[in-house]
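Note that subunit A is present in both complexes that follow, paired respectively with subunit B and with subunit C.
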Partner chain A sequence: MSTLALYSPVPSVLHRTPAGLKLAALAALSVLLFAVPQLPVASIALAAVVVLALAGARLTPRQLLAQLRPVWLWLAGLLVFHAIVTDLATGALAVIRLATLVLAAAVVTATSRVAELVAVIEWVCAPLRLLGVRPARIGLAIAMTLRFIPLIAERAERIREAQAARGATRPLFLSLVPLLVQVLQLAHTTAEALDARGADDEAPPRALWRRG
Partner chain B sequence: MARPWRRAAARPAEETAVRPRTAVELVDVSHTYGERTVLRDVSLVLAEHRVGVIGSNGSGKSTFARLLNGLVVPTSGRVLVDGLDTAADLRAVRRRVGFVFQDPDAQIVHPTVAEDVAFGLHNQRVPAAERAERVAEVLARYGLAGHADHPAHLLSGGQKQLLAIAGVLVMRPARVVFDEPTTLLDLANRRRVARVIEELEQDVVVVTHDLDLLTGFDRVLVVEDGRVVADGAPGETVDWYVARMT
Partner chain C sequence: MKTRDLAYVALFAAIVAVLGVIPPVAIPVIPVPITAQTLGVMLAGSVLGAKRGGLALLLFLAVVAVGAPVLSGGHGGLGVFVGPTAGYLYSWPIAAFVVGLLTQVFWRRFNLAYALIANVIGGIVVVYAVGIPFTSVYADVSLTTSFVGSLLFIPGDAVKALIAALVAVGVRRAYPVIELPARQPAAHR
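Now for the complex of A and B:
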C-alpha cells in the first residue's frame, strides 16, 4: 500500500511521544550521520532505529521492509556506484546511512498523526508570519499533498487500465493528457470545497463564528 | 398532464413584503458564464424543509445549487439566505450553508478520516477539546468511528461520501445543499445517504438525477435550459418530468 499512508493505528510508546520531539530527534540523527561519517556509528544507528521501530513503535518487520522497497534500487545503485568509483566501505556507509534515515522517518510518520506533524511544521514556520506567510496555509498544503498523491496515483492507474482494456499500445505519455484533465477537474472542485468548508475564513474574534 | 405549478412560489414578489427570515429567496436571478446564459430570471422563495431539484444534464442545476451558498454569485439579481445577501455577506452565508458535492474524493482534503472531519472546525477556530468531541460524535453517527485514523483513500465509495457529508455536518450549518450526492454510489449506499438526508433537522436542497431520493420531499423544482419549468409536490412534478422525458 501507499508508503505515504503509513500511520499505524496500533498504540505504542512512540505514539504518545510528542511529534515535535520525534521530528527533532530525526533531525539530530541526520546531522549525526552526516557529521560523523563512520561505518560503526551508522551501523549502530541503524540497529537502534530497527529496535526502536519494532519495540518502540510496534511495527512489524514486514512494514519496515515495505518502507525500504521503493528505495531499494536506489540503494543498490549507490552501492555499486561507490564500489566502482571509490570503495565498498564508503558505499556501505552511504547505503546504511540512507536506509537508517528512511526507516527513522518511517517510524516518525507511523507514530504521528499528520495533524501533529503539520502542527509542528506550522510552529517552526511561525516566524514567517512576519513576512506575510500564513503558517496554517503551509500546513494545509502539506496535508493536501499527502492526501492527493495516492488519489492521483490511483486515477492514473485507472486510466492506464482503461486504455489497456481498449488495446492501447500508445506511448505512456499520452495517458498523461486524460490524467491532467481529471486532475484539473479535481482541483476545481477541491477549491470550491475548500471555500465551502471555510478554509479562507480569516481568524475572526471567537464570538463571531459561533452560531446561535 | 398539466404542468404542476405552485402559484405562491411563482410570485415571490408578493411575498417579499412579508419575506420569511428563514428562507432562501432568489430575486430575478440570471447567471452567465462568459457568453453563455445558464440561468434566466429565476425568482423563487424556498421555505420548505426539503426541496429537490431535477432536470437534464447542463440545464443549470449545479449553478442553481452553487448560488445558494455563494460559490457562484449571480450576474444579475439577488440571492438572499435567511435575509443575508450572498454577494454582500459571503462569509456569513458560507457559514450558514453547508455544501456536499458529487465526488467525495474532491472534498476530502486531509489524509486520514478524523483529521478531515476536523478540518472545518479548525477553520471555525473551535477549541481542541470541543473539536475532538464533535468529530467523535459525527464519526459515530455515520458509522466511521472505527476508521478514525484510517487513510481516507482506503475507504469504500459509500464511506467516502459519508465522510464528505460528516465533514460538512460537523460544522453545524443551518442549511445543507447537496449536488448529486448519490450519483457515484451503489444501491445500498444510495439508501444510506438517502436516510442521512431524511434524518437531517436542517433544511436541505438536493440536486439529483436519482428520482427515488425525492420521496417524502416537500417540493421539487424542474430546471430546463436555465429556467424553473415546473414546481410543486414531488409526486406530480416528478411524474410530469418523467412523462416529458419519455
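Now for the complex of A and C:
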C-alpha cells in the first residue's frame, strides 16, 4: 500500500460518521490525554483507538502500523531518553499518549473524504464571514493549490533543462528567482482567467461595520 | 481579497508542497529530517508579505489536514497535527507572517542584509519559539532538552535563511508583488 493512499475506501461505520464529529472527538481525546496524565488512562485510550480502527474503521493491522512508521524512531528515542534521564513510567506515558493521538488522527483521515473535511473547514471558518471572508473560496484555494503543484514541478524541470542545454551547472537555488517569476505570472494569468469566468461574481459579504 | 491574491496564496501553498519533494537531508540518529519546506515558509513571507504569506501557510496546513500527502516524505493527514513535532507545523503561518511583516517594514530600503534579518527572525526564531515549547510539552521533556535537540537544525536553517534572502532580493527586483500603500493617495490604482 502506498503512502499516498491516506483514505481507506473500504466502507465502515466510521466512514458514515460525520467528519465534524470525528474531528471533535479527536480534539476531545487530545485534551483528555494531556489533562489526565495517567498511564492507565492512556493505555485504555490506546486500546480503544486500536479496537476502533480495526473494528469500527475496518483498517488492517498493517495499515495501522504504517501510520506509526513516520514517528516510531521518535517514539523509541523518547522512551530510551526518559528511561535514562527520568524514569520508564514517564517515558511509557509520553510514548503511549503520542501513539494514541497519531493513530486516532490517522483513523479520522482514513475514514473521511476530502470534500467532507473541506466542508468542516468551511464551517469552522463561517464566523469569519463577519470579517468579510468568503468561506466558499477556501475550497477554490485548496483546488488551486493541488493544481499548481504539478505545474510548478514542470516549470522547475523546464528551467533546469534549459540551463543544462546552455551548459550551465549552477546550484539549484539560483534557479529559484526565474522559477518564482514564472509561476507568479502563471498565478496572475490563472486569476485573470478565473475572473473572466465569473469567479468574482458573488458579491462579497459586507463586513458588519460597513453596513449602512 | 481579490482572485489574484487568492491565486498567489494558493501558489505559495503549492510551492511549499513542491519543496517537500526535494529529498530531505537525513542526519543519522535524529528522526526529524532537514527539509526544504521551511525555505518555502520564508519565501512566502518574503515575496507575498505578511497577510498573504501567512494565509499561504494556513492554506498549506489545510491541504495537509484534508489528507494530501504534501509534507516532506509524503506525509499528511491529521496525524502530523498531533505528532511530537506538530509545533513546528503550527509555527509556519506565524513565521511566514513575521517574515512578511519585517519585509514590508524594510521594503523601501530592502537589501540582502534586511532580507537576512527578516528571514532569520521570522523563519528561524519564530519557528523555534513555537516548536520547542510544543515538543517539550508533548514529549514531556524539559525545555532545555527540547532546545538542545533543535540546535542540530540551526546550520541547515541558517543556509535556508541565506538562500531565502538572496531569492527575496532577486524577486523584488524582477517581479515585486508586495505593494505598499502609496505615499500620495491619488498615485495608486
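Here is the rule we go by: the second predicted complex is superposed on the first by the 127 of 212 C-alpha atoms of A that agree within 3 Å, B and C clash if a C-alpha of one lies under 4 Å from a C-alpha of the other, contacts with A are read in each partner's own complex, and residues count from 1 in each chain.
Basically, a contact is a pair of C-beta atoms (placed from the backbone, for glycine too) under 8 Å apart; a residue touches a chain by one contact, two chains touch by 3 or more.
Computed from a prediction, not measured in an experiment: that's the story for all the values here.
Colleague: Touch test for A:R197: subunit B only (first), subunit C only (second), both, or neither?
Modeller: first
Colleague: Tell me the contact category for A:Q63 with respect to subunit B and subunit C: first, second, both or neither.
Modeller: neither
Colleague: On subunit A, which partner touches more residues: subunit B or subunit C?
Modeller: C
Colleague: Go through the superposed model and pick first if A:L146 touches only subunit B, second if only subunit C, both, or neither.
Modeller: In the superposed model, A:L146 contacts both subunit B and subunit C.
Colleague: Using the superposition on chain A described above, determine whether A:E154 touches subunit B (first), subunit C (second), both, or neither.
Modeller: A:E154: touches subunit B, not subunit C.
Colleague: Taking the superposition on A as described, I'd like to know which of subunit B and subunit C A:S43 touches: first, second, both or neither.
Modeller: neither
Colleague: For A:V114, decide between first (touching subunit B), second (touching subunit C), both and neither.
Modeller: So A:V114 meets both subunit B and subunit C here.
Colleague: After the superposition on A, what does A:S12 contact: first (subunit B), second (subunit C), both or neither?
Modeller: A:S12: touches no partner chain.
Colleague: Which parts of subunit A are touched by subunit B and by subunit C alike?
Modeller: 4, 7, 114, 140, 144, 146-147, 151, 185-186, 190, 192, 194-195, 199
Colleague: Over in the complex, which subunit A residues touch subunit B? Could you list them?
Modeller: 1-2, 4-5, 7, 9, 113-115, 140, 143-144, 146-147, 150-151, 154, 185-186, 189-190, 192-199, 201, 203-204, 206, 209, 211
Colleague: Report the residues of subunit A in contact with subunit C in the complex, numbered from low to high.
Modeller: My answer: residues 3-4, 6-7, 23, 26, 30, 34, 37, 67, 70-71, 73-74, 77-78, 81-82, 85-86, 90, 93-94, 98, 101-106, 108-110, 112, 114, 117-118, 121, 133, 137-138, 140-142, 144-149, 151-153, 156, 173, 176-177, 180-181, 183-188, 190-192, 194-195, 199-200.
Colleague: List the residues on subunit B that touch subunit A in their complex, please.
Modeller: For subunit B paired with subunit A, touching residues are 66, 69, 71, 91, 94-96, 98-99, 101, 103, 105-112, 115-116, 118-120, 123-125, 149-154, 167-168, 171-172, 174.
Colleague: For the complex, which residues does subunit C have touching subunit A?
Modeller: Contact set of subunit C toward subunit A: 1-4, 6-11, 13-15, 17-18, 21, 31-32, 43, 47, 59-60, 62-63, 65-70, 73-85, 137-141, 145, 163, 166-167, 170-171, 174-175, 177.
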